[in-house]
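The following block contains the structure, expressed as structure tokens.
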Amino acid sequence: MAFTAFGSNNRSPSNKPRRTGKVVIALLAPGLAYLAMFFLTPLFALIMVSLETPDPAGGFAEYVPAFEFGNYANVVSEYLPHILRSFGYALAATVLALLISYPLAYFIGVKARPWPMLQKLMLTLVIAPFFISFLLRTLAWKQIFSNESWIVSSLQDLGILDQTQYVVGTPFMVIFGLTYNFIPFMTLPLYTSLERLDTRYLEAGSDLYATPAKVFRKVTLPLSMPGIISGTLLTFIPIAGDYVNASGDFLGSSSTAMIGNVIESNYLQINDYPSASALSVILMGVILVLVSVYVRKSGTEDLL
Amino acid sequence: MAKEFVARGADLELKQIRKEFPGFVAIDNLDLHVPAGQFFALLGPSGCGKTTSLRLVAGLETPTKGKIFIGGKDVTSTKPHERPVNTVFQSYALFPHMSVLENVAFGLRQRKIDNPLVRAKEALNLVQLPHLADRRPQQLSGGQQQRVALARALVNRPSLLLLDEPLGALDLKLRREMQIELKAIQMEVGLTFLHVTHDQEEAMDMADTVAVMNLGHIEQMGAPEALYDRPKTVFVSKFLGQSNLLVGEVTSSSANSISIEVAGNKISVPKARAEKHKGKIAIGFRPEKATFLTKKPASSASTNVIGPGVILDIRFTGTSNQYLIEVPELGNITVFAQNIGQSPVIQLGEQVWISWAIEHSFGLSDLPAKSEKA
Amino acid sequence: MRFSLGKFTLPVYAVLAFIYLLIPIVYTFVFSFNNSLKTNLIWRGFTLDKWTNVCQREGVCEALSNSVMIGLISTVVATALGTMIAIALVRYRFKFRSSINLLLFLPMATPEVVLGAGLASQFFNLGVQKGIWTIIIAHIMFCLSFVVVTVKARVASLDPALEEAGRDLYANPRQVFWRITFPLLLPGIASAALLSFALSFDDFIITNFNAGSDMTFPRYVYTAAARGVPAEANVVGCAVFLLAILIVLSTQIRGEVKRRRLAKKH
């Protein structure tokens, strides 16, 4: 599955020294050329646009090439709360997803081993949310927690919420939605890792006087680290850039707008391309730095 | 939790153990006593319940019925980490995310014993691998991993060390070397070793006492020499070395021996070496205890003779030849002869009589299954 | 086994987790039978009308057919290109390997807004009119890496001795590929294709940046969200869900039947 993407399963093909040359080029060239054209050049285009200035002679939303690095300072000073909010929400949702997913993945991958059919069925249930439209399932939560719903009215009756307080539009709701939507991205790599976990190591641990809690901390957890790393990356990255959950039409409000919402509105609605592009570059840069620091810290450097 | 190091091993006692798994009974009514300080081997074919017994002792499985005592203490309901027992796993189960040294120190750290690394290094010295302390287990050869697994278990000075076919993954030569080493280490540390294996040579070579296990129960237990010299059941006679078995009704009985008639041959066994003294019994003898002659020998009170038979096959195995002799109405008999002089001493198709000393016969408690030709 | 926190804690937890995962799906299903008016917020009684007359609602089926077409084309192209790269990466040794791995990894590590905005800027610079084809180009781009990763795992698990045996038995390289390698890779390629169709079909963010005025199903839902999504959208979502689950379950059951049959033979 794609979810091993970040795992360290890069087996080196050292035992297969094969002829290189024409065949390899023929196999690689079309795909790599495609990525160069529609992934690398666009990133470059994005950087160029982020440095453009408004066309003095032109009208609304017309820009000329320039090297206006001030754009970056402007967007940072204007949108710092959104940037921080994005990473804060992403962190919270990733941690929540990890806490929810780990026991589930452990159950499917380790406890359910004697019943392979059950394992498969449960895996299907884990990815089931993927099969219903991302937007529809988010809207479903919005309706379930809507201001008129019995959940909200009972929370108000219980005094947990004031009569004037609601759930939709709050950071809680946005983080809730982000967590829900990306849980399968966390559970699957954790499952892949735990499914391969040799339970004889756990037996050896308890044979060597470790209590069940110690066995978990000293053996299970470190051995499932590759799954934790790829799971957290696979959830954190898309969450940091998401703008559906935080959007006012979905689970959020203007006070929960994330960096993705700002990029979307600047790019598609008010056509402030340089600002949107500068924010995109910042988002990408921060993520790349975070990812490489994280990966290095966690010791799976063969990842890249 | 047993925190102190033990000076010597403790004894192990299994009482009336029964272990059921969904769909089958792995062990039924097992009683076993392993004296302290012994090298004890549990020998049997795969699926006989020997590994399950070991896992029960380690606490990795819970018995359905029965009790387990280690050093006189009932440990039946304690968890693996609370038992003064360590295991050398068949797969070694060395933690892949820790260095060799950290693997060996793991148990010490869990029990919060002082200077875990110093003790771990000593244990690595004992298995002659101090130079590999910083490696990862994956970088070690099978034999080295085996030694690390041994050190990791021994360093804790368990009352009882469990070995689950620890040599199974090694090649023959390394295996024999490790057998000698393992035995030497056991003598040096004086702990109780419970060794599970399906290799009869390994069991006989290393153990003070061997228990032969079959179908979830112990068939026979004793010193290797005694087991080999006087097997009591068909299974033991066949599993521990080879045997020729002859089946017949007891026709005569004297003060110290009984005889059966088989195809016109009178076969005797000392009463003291027979499990049953009347009815239909099986009498066996070892192939290397018999000789064959080209002329019918004069009958004697101290030897059994059968024949004539025909040499059907001769297999050269180096130190000895194995002769397969077909005796009409009796079946095939195997005889081993050392290659002392010229070999082989006889040609295919020649007629021979087989003879062996009466005191080398043994009488079994059960009969071979119908399908099994004796 | 003694590693559980208690015999029932984990199973009970798993059941609760599955309920949590399924709630929005059940909700969407229930409200696809709602006898709603324009919006679909309050329960107004049961009806099958929305299922039988999906296309009555303006734009729903148009968006759906666009999405299917985009999904199919992107899947075919991305699967072909990605499979070729995967084979090259596992089976051959060459320079720049790690830079190529990095290039394949980056699109997966890049947030969708960035991919979308970047490609939109590129199209803007080149003066390309945005529409169905720009969406397809975008989808091929982000599916490609996922295909490579999925197929690569399959190629890596393939025993090279099988291909060697083929060559030993007088097959030329072309025959070896089509008669041995390709059939063995097929399950991997199939799951890569399914994954890429699913990614393409459900993509909203990148699509939104590169769509111009053309609608896809997710875009339809997003636009409708402001004024209320009609029950017909639920119907489409549920139908797609059922189809996907059916495909997954049938491949699982087929695999299980095969396994059982093999087990019987031995």
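General observations
Each chain gets a letter, A, B and C, in the order it is written, and its residues are counted from 1.
Keep this in mind: a contact is a pair of C-beta atoms (placed from the backbone, for glycine too) under 8 Å apart; a residue touches a chain by one contact, two chains touch by 3 or more.
All of these numbers come straight from a predicted model, not from anything done at the bench.
When the interfaces A-B and A-C are ranked by how many C-beta pairs touch across them, A-C comes first.
Distances between chain centres, each the mean of the C-alpha atoms, put B farthest from chain A. Centre to centre, using the average C-alpha position, chain A and chain B are separated by 58 Å.
Note on chain placement: the centre of chain A and the centre of chain C lie 17 Å apart, centres being C-alpha means. In chain C, the residues that reach two or more other chains under the touch definition are 2. Of all residues in chain A, those touching 2 or more other chains are 206, 212, 215, listed in ascending order. Contacts with at least two other chains are made by residues 59-60, 79-80 of chain B. Residues 1, 58-60, 79-82, 85-87, 89, 91, 93-97, 106-107, 110-111, 152-153, 156 of chain B touch chain A in their complex. Those residues of chain C that touch chain A in the complex are listed here as 1-5, 10-11, 13-14, 17-18, 20-25, 27-28, 31, 41-42, 81-82, 84-85, 87-88, 90-94, 98, 100-115, 117-122, 124-125, 137-138, 140-141, 144-146, 148-150, 153, 156, 160, 191, 195, 198, 202, 204-205, 208-209, 217-218, 221-222, 225-226, 229, 233-234, 237-238, 240-241, 244-245, 248-249, 252, 256. For chain A in complex with chain C, the touching residues are 1-2, 4-5, 9-11, 13, 16-20, 23-24, 26-28, 30-32, 34-35, 38-43, 45-46, 48-49, 100, 103-104, 106-108, 111, 116-117, 120-122, 124-141, 143-144, 146, 148, 180, 183, 199, 202, 206, 212, 215, 233, 237-238, 240-244, 249-250, 259-260, 263-264, 267-268, 273, 276-277, 280-281, 283-284, 287-288, 291, 304. Those residues of chain A whose C-beta lies close enough to touch chain B in the complex are 198, 200-201, 203-212, 214-215, 218-219, 222-223, 225.
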